[in-house]
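Report on the structure given below.
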Amino acid sequence: MIKRLIALALLAAVGSVFATLLFGYTPDAVLNLTARYYAEHTAADLGAANIVTAIVVTYRGLDTLGEVTVLFLAASIVGLVLAQGTQKKPRTPVPVGELLTTGARFLLPMILLLGVYVFVNGHLTPGGGFQGGAIIASGILLLLLADPLKHFSHGLISAIESVAGVIYVSIGLAGVFLAGGFLDNRILPLGTLGDLASAGAIPLIYSLIGLKVGAEFASILASLSETEEL
Amino acid sequence: MSALYIIAVGLGSAFLLGLLNERQRGLAYMITLAALTIMSAISASWLLIFAATGAHPIDILTAGTQPPFAINLRMGLVESALTLLINLTGLLAAIHMGDSLLAKGRRAMAVLVIAIMALCGIVLTRDIFNLFVFFELIVIATGGLVLLSDADDNGRAVSAGFKYLIVSQFISILLLIGIIFAYHATGTLNIDGMAEIVGSGIKPELATAFSLAFFLMFIAVVAELKPFPANGWALDIYESAHPGFSAIFSAATGSAALFAVDKLLLIGGADWLPVATGIGIVTFVGANLLALPQTNDRRLLGYSSIAQTGLVLTILGQQDILGEHTLFIAGGLLFAHAVAKAGLYWLSDFVATRSLTGWAALQERPLLVFAFVTFAAMLAGLPPFPGFYAKWELVHILAAEGRLALLALILFGALVEAGYLFRWFGYLIKREPDQEVSCNTVQIIPVFAAVLAGWALGFVWGELSGHSNLLLVLPLLFALAFLLLEWAPAWFKNTLAIGGMVTFFLQTYAEYDPLRLIFAVIFMIGGAVTLLASYHAHGRRIGFYPAAMLMFAGMILLIRATDTFGFFASWELLTVGSYFLILRGKHSEPHALSYIIFSLGGAFLILTAFALAAAAVPPAPTFAIASLGELVQPVAPWVFLLLAVGFMTKTAAIGVHIWLPGAHAEAETDVSPMVSGILLKAGLYGLFVLLMTMGKQSLYGVELTYVMLWIGAITALLGNLMAIFQEDAKRLLAYSSIGQMGYAMFGLALMNHLGWLLALMFVINHYIYKSMLFLSVGGVAKRTGTREMYKMGGLITLMPLSFIATLIGIIAVSGVPPLSGFGGRWIFYNAILTADSRLPMVLIFLAGPIAFLYLFRLIHTIFLGQLKDEHRRIKEAPFWIILPQMIYVALLMVVAVVPGMVLRHVDAYISRFFPEGALNWEGMSITSQFGYWNPVAIMIIVGVIFMLLFSWLLFVNRKAQKVKQFNIVFSAERPFRPETTHFAWNFFAPYRKAMGFLVQPFVTRFWETVTDLLHTAADITRRLYNGNGQIYAFHFLVFVVAVFAMKMGI
Amino acid sequence: MAHFAMATGFLLILIGAWGALTNRNLLRMIIAFTIADSGVNLVIIAVGYMHGRTAPILDSAVAAADAVQRIIDPVPQALVLTAIVIGVGVTALMLAYVYRLYEKRRSLDIGDFTELKG
Amino acid sequence: MDFDWMKIPYAFLTVFIVVNYGFLMTALIQKIGARAGRRYGIPIWQNYVDMIKNYGLRSSITHGVMFYLGPVFRLSGGVGLLLFVPSIYGSEMFSNLSFAGDLILALYFIFFGTLGMALGAAESGHPHAAIGITRGLSQVSMAELPFAMAVFSVALQYQTLSVTEIVAAQQGGIMSWTLFTNPLAVAAAMLSFLGSMMRPPFDVVIAPQEIPIGPPTEYHSSYLALMQTNRVIFPVAKIVIYMNLFFGGATNWPELFLKVFLLYLFSAFVGVCFPRFRVEQSIRWFLVWAVPLGILSIVLV
């Protein structure tokens, strides 16, 4: 009880800070310095129609690289930890039902396709590598639900993940040699704004991210699924 | 190579590792090492460039766009040094954890590489959100490494890691909220951009929001430093994780997080510096206090890490006054901490049990002991390591700016830290090893890399310090050279040591004025004579010579020092050297500890005094000791007071004397004369210098020399009084030293010509007779195997030479004519005749006869009375222990007959300070304005009477035979057991009945109470850390709210 | 609108924090954290929102030339993406921890993992 | 070195006079003490008899070197003390060997014999000797304190440490004696005097009953003879110092004899009137009564 009271008091204090922030907050009327720059220069400099993507992949590409690394780390650790646990014993599969099995068989290609679409078009439309990767992973999840005994090749997943990572870093480095700096997308021609093959290396990077994220999520899901139920 | 490659190489190799087959672990490990090596090489190359050219930091752009629109990195001197530290720690940790990594496989290696990369990222990035990303990488990597490194496989590390993650979640929530609102307020995420906007004035309507946002960011990043008391989770990790990783967590993560805090302070500006200071100092003191009761080595190191981080945070908070010195100070402390802590964690892997006492296993490996010593000295800020120079600068600047409370807290914390470190070292050296050291060659590499780095850093900081580089000073180098000679036999090293000291004396004696010359002779020639006794030791005697020579080097440098820096550095050197020497005694562990704590406490007072003095005089790179005399009110008396107390801890004045008896008594046979006969004089030298430069000072109307007079008198009385009740012969001599030092202090404090001459007389005499007595008693103890006097008795016929030395010694100490002690007494009476204050003299009068009591006890219970059965076959003490005693006997005779040989020069020298009252040395007689004294005549008269009677008695009793031991009768019985016949135990029972109330151990109890209080306070506070991760989250929030309340409340 | 989203976000954070501070079950704590993370993300997005503007994507609706007047601040959106992904990573890691803790102790009570203390 | 060799025979003369005087005086005092106790007492020449007998005896045993040296130290101390202080003021002949040192020398030389005696007795291995020594040293250390303070007070008063000058300053009538110019110091010194004369109530050190005879238990024959000689020289030498410091010194031998006798009588007088103290009692007694007087004398002078 005392613990709850203290928690309440503490959260009240934190909440008061939040409240001050909330009530003191007035939305900007015009774009601030940074946002303004992006609005004005993205199209011309990077050739990306989706400004958020330009920021994510290029301007703040280092963040994104870190982000990808976070997932990579998480996947590695989860894989390592769960791999150390006892392997799943063969057991009689729970019947999953016709609807799910059929639905999965039917939907999986479409989900994968959607995922690819989302990350390939990341520089043009809402979405991108992370979203696409997540979509692909959701397909994998569906597959796992439909067939819990399904075994994924960890080697393959890991290879996709790593190759994508290494290429990502290499493209980033190529920016140092061929363009203005690390992760500069202008190592490839910018093309026309709005085209699929535009915005330099952004689509390429975002695709790699999509593959990598998809592989990582898949790897986490597969690891979790393969774990013995405790 | 651009600094970006550090990140690229780290990430690239991590991804590459994923490509490998799970079975290619060897290859994976090679890639890991290669990546870390390349990363280190890049940092190192930049460090060289910046250090050599002093170039400005270089901004590295990403995305080909200028900041603040894209993330940029910055590589400068600090960044290159920090990344080098991080990368090297990572590399060495990878080497250290080799087995473990190979067992876990490539993914674990990838996690390690990414962790190191992310730490570099934290250092390099100039973008606040990017900082967050790197922090999260660290969180996950840390979590992962902890999870993987569950050393004992009992799940403790796992639960620790989970607690860490819980708190990290709270931290990242606050950090993100802070970042987004800071972005909203400033329109940028770039750290420099934000700082610029804040500097040029933020819009008023956004000011509140910004300051709240900044608070959230700041507190979140500070929380990464594991501030006290919101750090339970970190301690659990330190305790349970693989030590290879804990090294990274302590050395690298801590350093990176500190740099992140520094970046935030750049944004926050001067307003936030006090907050950083406050958090830092509370952490430093609190964590050090809590480290006191720890018994788990890794947890203790964890507390120490947190404390050191807190100290650096304090320094970052003092940037406003430290200015350009911040780098030097913070860097010195940080690097010393990082290198030492990493080294200690790696060392801890060689010890099987997790108790501090388990480290005794290292005893068998001198090299590992040396490594431990290096690390402990670095942490404690002892010369010649960087922490020492940093501490010196820091204290000076704090004193100059008048931040004395902070200064006191820092020094207090440092003392506590030194306390537990040296206690630990005592365990290591003295406890019985109960297990083997388990280490392979590869695992030793990182430890010794850290040792090398420590010494190299010491050299670099010495070069940068603007003072003389201690690692280039000849006597110190000579002492350190003995480390390399440890393989040689003891006799060889002994010869070298004696030769070195004598040669150095011959080379330099012309440089000293008469006063210093006396000390120089005692330190160098006296040291050489005492070292003769060391020839008795066989084997290699590992550890003795570096320690002894360190002490002698310190003393030599002390008299050669002209500025306060040199003086203080040599003071610390001699303290440390003597500590190691004292610790060598069989049962000296607790005494050596109290010695080092009192000495360091005293040293801190001296340091503070020097800093206050330097602050009061126009700034100069060095502060000459002679300038102490230029100080005026109100600072002068305080400087005087601090210095006097500091020096008095070394001379063991009453109140701070409790370390001496044990330390001197438990030391080895040839060490006791060194630390008693020679080392104590360093304290007297300090007092001499102090009084010569500063003269009389009064504080609140109280004349300080007058207080000193009282202290000297009380010390003389109580020291002597305590000596008579000792059963242990060496303790008796040790207490006697306390009394003798009291006399000398009393003489100095008289502040007249003869008083000083008296003190000098005591310096010389005490050196000779106390060295002699300690050697003699030590030789006896060596042969009989005990120091309890009542267990001895009747040794006169078996050990005649030792007896003669003791006899001459006690006659000299007691001041009975015709030996040299009388000269001291005569000068003493003449001196007090001119003194103004008379009351303290009463105590001195009382002290005089009491000396007889303990001296008689010494000679009676050891050499006279009844010989014990078990001692009947005892031989005389070894030749090499007897030889110096005989030299001392000769010296005593010379000094007794021609005291003027030495003293007249000093007398003339003292006339510079006190022209009044000089002695007249004409002819054979020594004349003062009150009386006269003719040593030669006394010697002849006493000698003639004595010889006349003696030869008559010899003549008439020429047929007398020596009778058997029990040929005595009392109470109508013939005794048959020496034990019941030898009257020795509780020798002065009536005296104890009458005067015992004066020697109740009040002072000991006082200090025991102090330490007990510290321990109790720490134990109560410890209960905060109840191990529950959720409670730790509470701690964190309480911490946040408390800091908020304080910051916003002010 | 922005205030509403932001208030919701803060509320979610506090709810999540309350959950994390009062629930002793590890899984519940993790869920509480995901709630709090969502709240954080909501706050971030809310800060970028500007009334009457559109998404920062240049297409037929928004020309590159007048983008400055038409679009909302794209930066928080980019940030939130990163924040979300990191949240996922941390959650996955915590789940792995819970798995391992349960494996060792057969318990999900945070109070059962207090052997390290003092 | 120009040394007046005649000083040596003169010094022997002093010793000779003092020894004879001491023999007679101690016997007389002993007789007075015996009469006070309603006993007959010893004949006045008893000391001569004892002395001749003891000097005539030959011993064939010794307990070792220090046992041997004990009496030598003892007597050297007594004789030295006598000779380092001028006996007769104004007499070149009986200024003895006081050129070697001043008051401080005498003060510290008192301990020379004590130390040697203690060493010698201890060498005998007899526990009673050791017990006697510890008691003696304990008591002396405290008993000497008021004396030391009185001496210091006197030195301060006259601003010199030279015995001759102190005596010189007291010339010119009885009222210029330190006894009247500095009564506190004299009082302190006289109390201390009681303690150092080995008479009741402070004689537990050589307590004749409980412990055979204290430290000298094992001494006999010629050893004892030397010590007995000292038993008569030492008190006189000590009283001479007292006389010089506090009672105007002596300008001729009869005056010296008289003053010494009266001073000695004082301690004997107290001795027959008071019972014996235990050591810790006497230490406390000196601490409570004599030391404060000494302190006062220093402060007030």
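Order of writing sets the chain letters: A, B, C and D. Residues in each chain are counted from 1.
One rule holds in what follows: contacts are C-beta pairs under 8 Å (C-beta built on N, C-alpha and C of every residue); 3 or more make two chains touch, one makes a residue touch a chain.
Treat the numbers as computed from the prediction; the structure is a model and nothing was measured.
Asker: When the contacting C-beta pairs are counted for B-D and for B-C, which pair yields the higher total?
Answerer: Comparing B-D with B-C, the pair joined by more C-beta contacts is B-D.
Asker: Can you check how far apart subunit A and subunit D are, centre to centre, with Cα atoms defining each centre and the answer in Å?
Answerer: Here subunit A and subunit D have centroids separated by 106 Å.
Asker: How far is the middle of subunit B from the middle of subunit D, if each middle is the mean of its Cα atoms, in Å?
Answerer: About 53 Å separates the centre of subunit B from that of subunit D.
Asker: Please tell me the distance, in whole Å, between the geometric centres of subunit B and subunit C computed from their C-alpha atoms.
Answerer: 50
Asker: Could you tell me the distance, in whole angstrom, between the mean C-alpha positions of subunit A and subunit B?
Answerer: Once rounded, the distance between the two centres reads 54 Å.
Asker: What positions in subunit C touch 2 or more of the other chains?
Answerer: Answer for subunit C, listing residues that touch two or more other chains: 13, 17, 21, 47, 75, 79, 82, 86, 89-90, 93, 96, 100.
Asker: Residues of subunit B that touch two or more other chains: which are they?
Answerer: 129, 133, 136, 140, 143-144, 147, 177, 181, 184, 189, 1034, 1037
Asker: Which pairs of chains touch each other in this structure?
Answerer: A-B, A-C, B-C, B-D
Asker: Which residues, counting only subunit D, touch subunit B once they are in their complex?
Answerer: Against subunit B, the touching part of subunit D is residues 1, 58-66, 68-69, 71-73, 75-76, 79-80, 83-84, 97, 99-105, 108-109, 111-112, 114-115, 118-119, 122-128, 130-131, 133-135, 137-138, 140-142, 144-145, 148-149, 152, 155-156, 159-162, 212, 217-218, 222-223, 226, 278-281, 283-284, 287, 291, 294-295, 298-299.
Asker: Show which residues of subunit B lie in contact with subunit C when the two form their complex.
Answerer: 129, 133, 136, 139-140, 143-144, 147, 154-156, 158-163, 165-166, 168-170, 172-173, 176-177, 179-181, 183-184, 189, 232, 235-236, 239-240, 293-294, 299, 1022-1023, 1025-1030, 1033-1034, 1037
Asker: Help me check something: in the complex, which residues belonging to subunit C touch subunit A?
Answerer: Residues 2-3, 6-7, 10, 13-14, 17-18, 21-22, 47, 49-51, 55-59, 64, 67-68, 71, 73-75, 77-79, 81-82, 84-86, 88-90, 92-93, 95-96, 99-100, 102-103, 106.
Asker: Quick one: which bits of subunit C touch subunit B in the complex? Just the residue numbers, please.
Answerer: 13, 17, 20-21, 24, 26, 29, 33, 36-37, 40, 43-44, 47, 75-76, 79, 82-83, 86, 89-90, 93-94, 96-98, 100-101, 104-105, 110-111, 113-118
Asker: Note which residues of subunit A are touching subunit B in the complex, please.
Answerer: 3, 6-7, 10-11, 13-14, 17-18, 20-21, 24-26, 28, 32-35, 37-38, 41, 45, 58-63, 65-67, 69-70, 72-74, 76-77, 79-81, 155, 158-159, 161-163, 165-166, 168-170, 172-173, 175-176, 179-186
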